[in-house]
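Chain nomenclature is as follows: A, B, C and D, assigned in order of appearance, with residue numbering initiated at 1 for each chain independently.
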C-alpha cells in the first residue's frame, strides 16, 4: 500500500531520484508465461527519451534496462519483475545556483515543506525521470493486453499551445517527433517550438490516448471505476492539470439527446462516453484526454524566495523541455495500459475467464 | 481493499442499491474524541436531497441517518462508524417497462455485461443515491478538518449548460437551490430549467470546489498525490466526465511565465496551480473543477436494444433530474473533504503532528 | 484498507459494538450469480450462538440476519453484500460496577490507552460478538468454495483444558455442543465444565480446522502466502494466542526425514506440512490448529486498577463463557473459508480459471 | 497491494531470486530525516549470513548493500528507499540433477503448479535468500524505533531439535553462532550439530523474540491487530509452521486465574499475554515465539516424482543448512521490528504524536 505503487493486482512500485545512482521499478502480479526480454523496452523508452530532437531536453539519458528478477529463460515466472536503469548523465552542477532557491511552480517548495529535506538534484523524486519506469511497465501491460485480448493502445499530441491538428491521420503520428496526427503541420510546429525555445519560455499541451478492443465489463463500481482509476493514473503524471474521459468538459454544454450514445445491434452510433458507462467498459474504444501545464523550469527570470527567507530572482538553467507534453504521449499510453491490465485481472478474479454473458453489440 | 471503499487511512465503504432495503456506509480510521450526532448530517444531506425544488428529481427521499456504531456518548470512539438510511420511496413499478431494455448512456448495459445480472431497480448500485453516503461521510471529514486544521471546504455551480456566472459572490451560493454564485442570474436559471424540463431533455454542468486553510505538505508522491487522489475521487461520482486542478485545460495554451505562480514572502501572486505542486499542497487554496454530463434518463425517445437482442425505442419515465449537476455541489465538496482528511492522517503518520519545517509563505 | 476489513479480493468489513444498536458487515468481491438467502446463515450462526447449553454464556442473542444489499431475486449481484443484526439483549447494567475498573487480561485497558475513550458496554468493539459477522461471511465463502471447487471446510475442538480426544470420529463432531470428535468422552466434558463453572474460573482450548479439496496452486508468495494469511486470520480472533499449520510446533523436534512428505504418483505419504509448501497449497488437506486462552472475565476476584489510578479488586459478573474455545469452532472454520476464497479469486486473477498445469498427484 | 509487499504505512516490497542477478527491496513510508548509511546493514546481515560457521550453509554470500534511492547526504528523504544486493555465488550447477525432480517438502512442486514454470535455481523466489532484504529493512525499523520510542528488539534460539536452554542469560546470546542464551551449553550444541550434519539429516528449531519499550496503544482492531500482523509476519518466513504470542499454546491448559496478568500501579504481575490485549499493546514487552520445521533439502534419499510423471528417488546435494532456525533469529527480530514500526505510524495517524492519555501503569 505504498504511495509509490500503482495498481491493485498488476502493481507497479517505482523508486529513484533523477540524479541518484539509479531508477527502477518492481512489477508484481504479472501472469506467468509471458515472453519478455530486455530489448522489448527500447522502442517505447526511445519514444519518451530526451535528446532525440532539438525540441526536447538535451540531456542524454541512456535508458538501458536491466531485468533483475521475475523472468526465467525468456518468460515471466509470475513473481516480481524488477527493472533497473542506472543514471549516467547526472550533471548536478547544473543545479548549483538554485540549491537554496525555490522555483515558482515547481515541487521543490512543497517537497521541502513536507519532508524538511532539500534535495536540489534535478527535482529529485519529483522529476519526470520517474516516468521512464511507467513506460517500461507499460510495455509489459501493452504486450499482455494485445496478446491476450487484442487490445491496442495508442496516443498522440492533440494540442500544442494554441495549435490544434487540422486533421487526424493515424499513420502520421509515429512519423514525427511530436506524435502529431497531421504531417503537413509538422514544419509549423517546428517553427513554433524554435521560437518558443528562443524566447526562453515554455508552453502547455494536450495528449489524447485511445484503447481499442477493450471488451465490455472491465471496471469496478464504485471507487474502483475504470474512469476513476484512469483519472488517478493520468493526474499522477508530472505537470498534468486535467483529465477528460470521452467528451469531458464539452459535455457541460451538451444536451442529453446529444450526449447519450444510442445503441443498435450493429454498434453504437457515437462515443461521447469514451467507452465507459457507470465506471465499466462498454466495448467501445476507451478515450482519455490529458492537459499538461507549461513547465515552470524556464530561462525567463521569476520572483521567488530562498531557504533563508529572502526574496530572490530565479532563472532555471539546466536542460529542460520547453514543452513537456511532447514527450508525454508514451507516458499517457503506458498509464492507460496499466489501468486496463489491472482491471482485466480484477475482472477475471470476480467474474472468471469467460464473462457471464456474450456481448450484445459487436 | 474493496472496490467500494475510498481512502487509505480515512476509509469509507459504501453499500446499497437505490431501490433495495437500505443504503449505508462504514467509516474506518476516524480519530477518537470527535463530537458527533445524527442530526449533524441533516444540513448537507438536505442540500443534496431531491424534491426540494421543481428543478430536481421529485422523488422524496427521507434521508434519516442512523448511527449504528463507532460513537459513544456523543463522541467518536476510533472504531468503525456505520451509518444507515432506510429506503422509503421505492416505486419500482416506475421502471416496469424498461426492465428488459437498455437505456443509451446508462450503466445498465455495462453492469449487465460485467455481472450477467439485470437489476432494473432505479439503476441499482449505479444510482446516484449512493452519493448520499459520500455526503454523510464528508460531514465528518469537514468537521474534523475545520476543528483540527481550520480547513474550510465549499463548492458552487460554475456552469449550467451554456450559462456561466456573471460574477462570483460567495454569499449568494447558499441562497439559491442552484448553488449559483450570482443572485441576479437566478431568475434566468429558473427559466432555463423550466424550458429544459418542458422539452424533456437534460443538460450538463460544471461544479467547482475550493478548500481554504490546507497547510503545505499534504499529499504523497508519486501515486498517492493529492491531485491524483482528487481526480479519482471526482471521477468516481456519477456522470462525471472531467476533472481539473487549478487552471486545468486552460493551462494547455498558457506560457510558463503565465502559469507559474511567483512567490513572495507575503504570499503567492496567483494560484494557477490550484494549491498543489508535485502532488503536495502548497498552502494555497486547493481548487478543483468537475464536469457533469447531461443525464441519459430523459423523456425524449432514443434508439436502443433489449435483452432479447432486438432493436427498441426507449423512453425513461421515472423522476429524474434534468441536470444532475445541480445537486452535485455537496457531493463534490464531500469528496474534496474526504481526500483532504485522508491525506491529513497520512501526512501525520509519516511526518508527525508538527511538520518538519515552518511555512515560509503565509 | 480499513483495519476492520479482511481479505484482498473477497473483502469483509465488520462494524458494531456488542451493546450498541447493531452489528454488521459489508462483503465486497463476491462473484455474481451465487444463490443466497437470509435463512442460509441460520445453521452456522446457531452453532456459534450463546445460550444453547449451560456450558456457554447464557446471553440470548437473536442473530436474525437482514440482507441489506447485493442480492437480487435470490442471487448475488457482484456488488457489496451488507448484512445486519440488531442487538436485542443488551443488559448494559450488568457491567455497571466495572465502568471505571480495568479487568486484568481484558482489552479495556489497551482500548482506553489507544483511544482515550472508555466504552464499558460488554467489551465494546473488542467483544467476541464481532465474530458473528465472520461466521456469516464464512457461510458465503463456504458455499462458493463447495459449489465451485468442491472444497469442504470443517473444524472441531481438539483440546479442552488438559483434556484431549481419545479418538477422532468425524461423525461425532456435530452431535455434541463441544464439537468434540469422541462421543464417549462427552459426559466427561460435561462434568469438567460443570466443575469449572462452579469454581468461577475459565479454561483454554484448542480448535483444529481442515479444508479438503483445495486444489494445488492457491497462495501468493511472499507476503501473501496462504499460511501467512491463515495465521493473520486466526490470530485476529478474540482470545487466540497461537496458530499452527500442519505439525506446527511439533516440527521443532522433528528430523527432515520425518517431516518431509514424500510424494508418489498416487499421493503424498503423509501431511506434516498441512497442505501448504512455500505458502502455496499442495493439493493435500489444509490443516490449521488454534490456541484459545482462558477468558479473563471470571468470577474469582483479581487485582487491578481503575480510571482514577487506584488499586482495586475486580470481579466480572456478566454472562461469560467459561471456555470461549467451545463456541469458536465455527469461527475458525469461517476464517479458514474466508482465506481460501480470497486466494481462489487471487489465483484466478493471475493464472486464469484453468491453471497452467494439470495436477501431477491426485 | 502487491503480494510481495509487507506493511501498510511502512511498506517493504522485496524482489529477486536466489540465483538471479540480484535481490532487493523498496521501502516506502520511512519518516524523513533518519540518518542512514550503507554500512549500518552489515551487522545484522552478518548475523544472518551463511558460511560463518560449519553449522550453517557453506554458500558464501557477499551481502554488500547498495542504497539506490531515498537517502540524501546521509539522511532519509521520505521517498522510497531502494536497496540492492548483487548475487555473486550462484553455483546453479549444484542443482543440475534435480532440475526435473520435485523435492519432498519443498516449494518447487507448488510453485510449478501455480505458475506452470519450473525455475530450479536454488528455490528461485521461494529461497530463504529473500529474507536478507527483510533483515535489511528491519535495520531501518529497529533504528527508528530505538531513536524515536526507545524500543529495543532482540531474539534468541529457544529450542534446537529436542534441546532447550538450561537458563536464560541475555549476555550470552550474541556470543555464540546459535544465538543461544546459555553459554555453557554451546559445546553440546556443537556436538549435536556435528552429528546431525554427519547423518545428512536436518532438524527444527524455535526462535523467540522480545520487544521492550513498546508504549501502550499500538495495534488496530479488528483485522489490523498487532498480534494478527505479527502472526502473518512470522508465518511468511520460510519454514515457519507455528506462531505464538505470550504463552501461546500453553494457554490451552491454563485457567483464567493463572493466565490473566493482574495489574498494579507499579506494573503487571506477569506477562502471559505477551504484551498484547485485544490486538493492542499494553506497555509490557511484546513476546513472540516461532516454530521452524527441519529443512527438506537433505542428503538422505527420499521418494518423489519428476516432471515426466515418473517415480524417482531424490537427494538434495547443494549447500544447505541442517537447521534453518539457527540463522533465523535476526529474521524474526526484523519482522517484529517491521510490524512495530508500521503500527507506530498507524497509531500516529489516527491518534496523533501524543496519545490521548498518559500510561496508567509504568
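Of note:
In this section, a residue touches a chain if its C-beta (ideal position, glycine included) is under 8 Å from a C-beta of that chain, and two chains touch if they have at least 3 such contacts.
Just so it is clear, the structure is predicted and the values come from calculations on it, not from any experiment.
Should one ask which of A-D and A-B has more C-beta pairs in contact, the pair is A-B. Greatest centre-to-centre distance from subunit D is found for B, with centres as Cα means.
Computed centre separation for the pair subunit A/subunit B is 26 angstrom, with centres defined by C-alpha atoms. Subunit A and subunit D have Cα centroids lying 38 Å from one another. Counting partner chains per residue, subunit A shows two or more touched chains at residues 1, 3-5, 8-9, 14, 29, 32-33, 78-79, 114-117, 125, 221, 346, 351, 356. The residues of subunit A lying in touch with subunit C in their complex are 1, 9, 29-33, 78-79, 221, 345-346, 348-354, 356. Listed in rising order, the residues of subunit D touching subunit A in the complex are 1-5, 7-9, 11, 13-17, 20-24, 26, 28-29, 32-33, 66-70, 72, 75, 77-82, 84, 114-117, 119, 121, 124-125.
Residues 1, 3-6, 8, 14, 102, 104-117, 125-126, 130, 159, 161-162, 201-206, 216-225, 227-236, 238, 240-249, 251-265, 269, 272-274, 276-283, 291-298, 300, 302-305, 309-311, 325, 346-347, 351, 355-357, 359-361 of subunit D touch subunit C in their complex.
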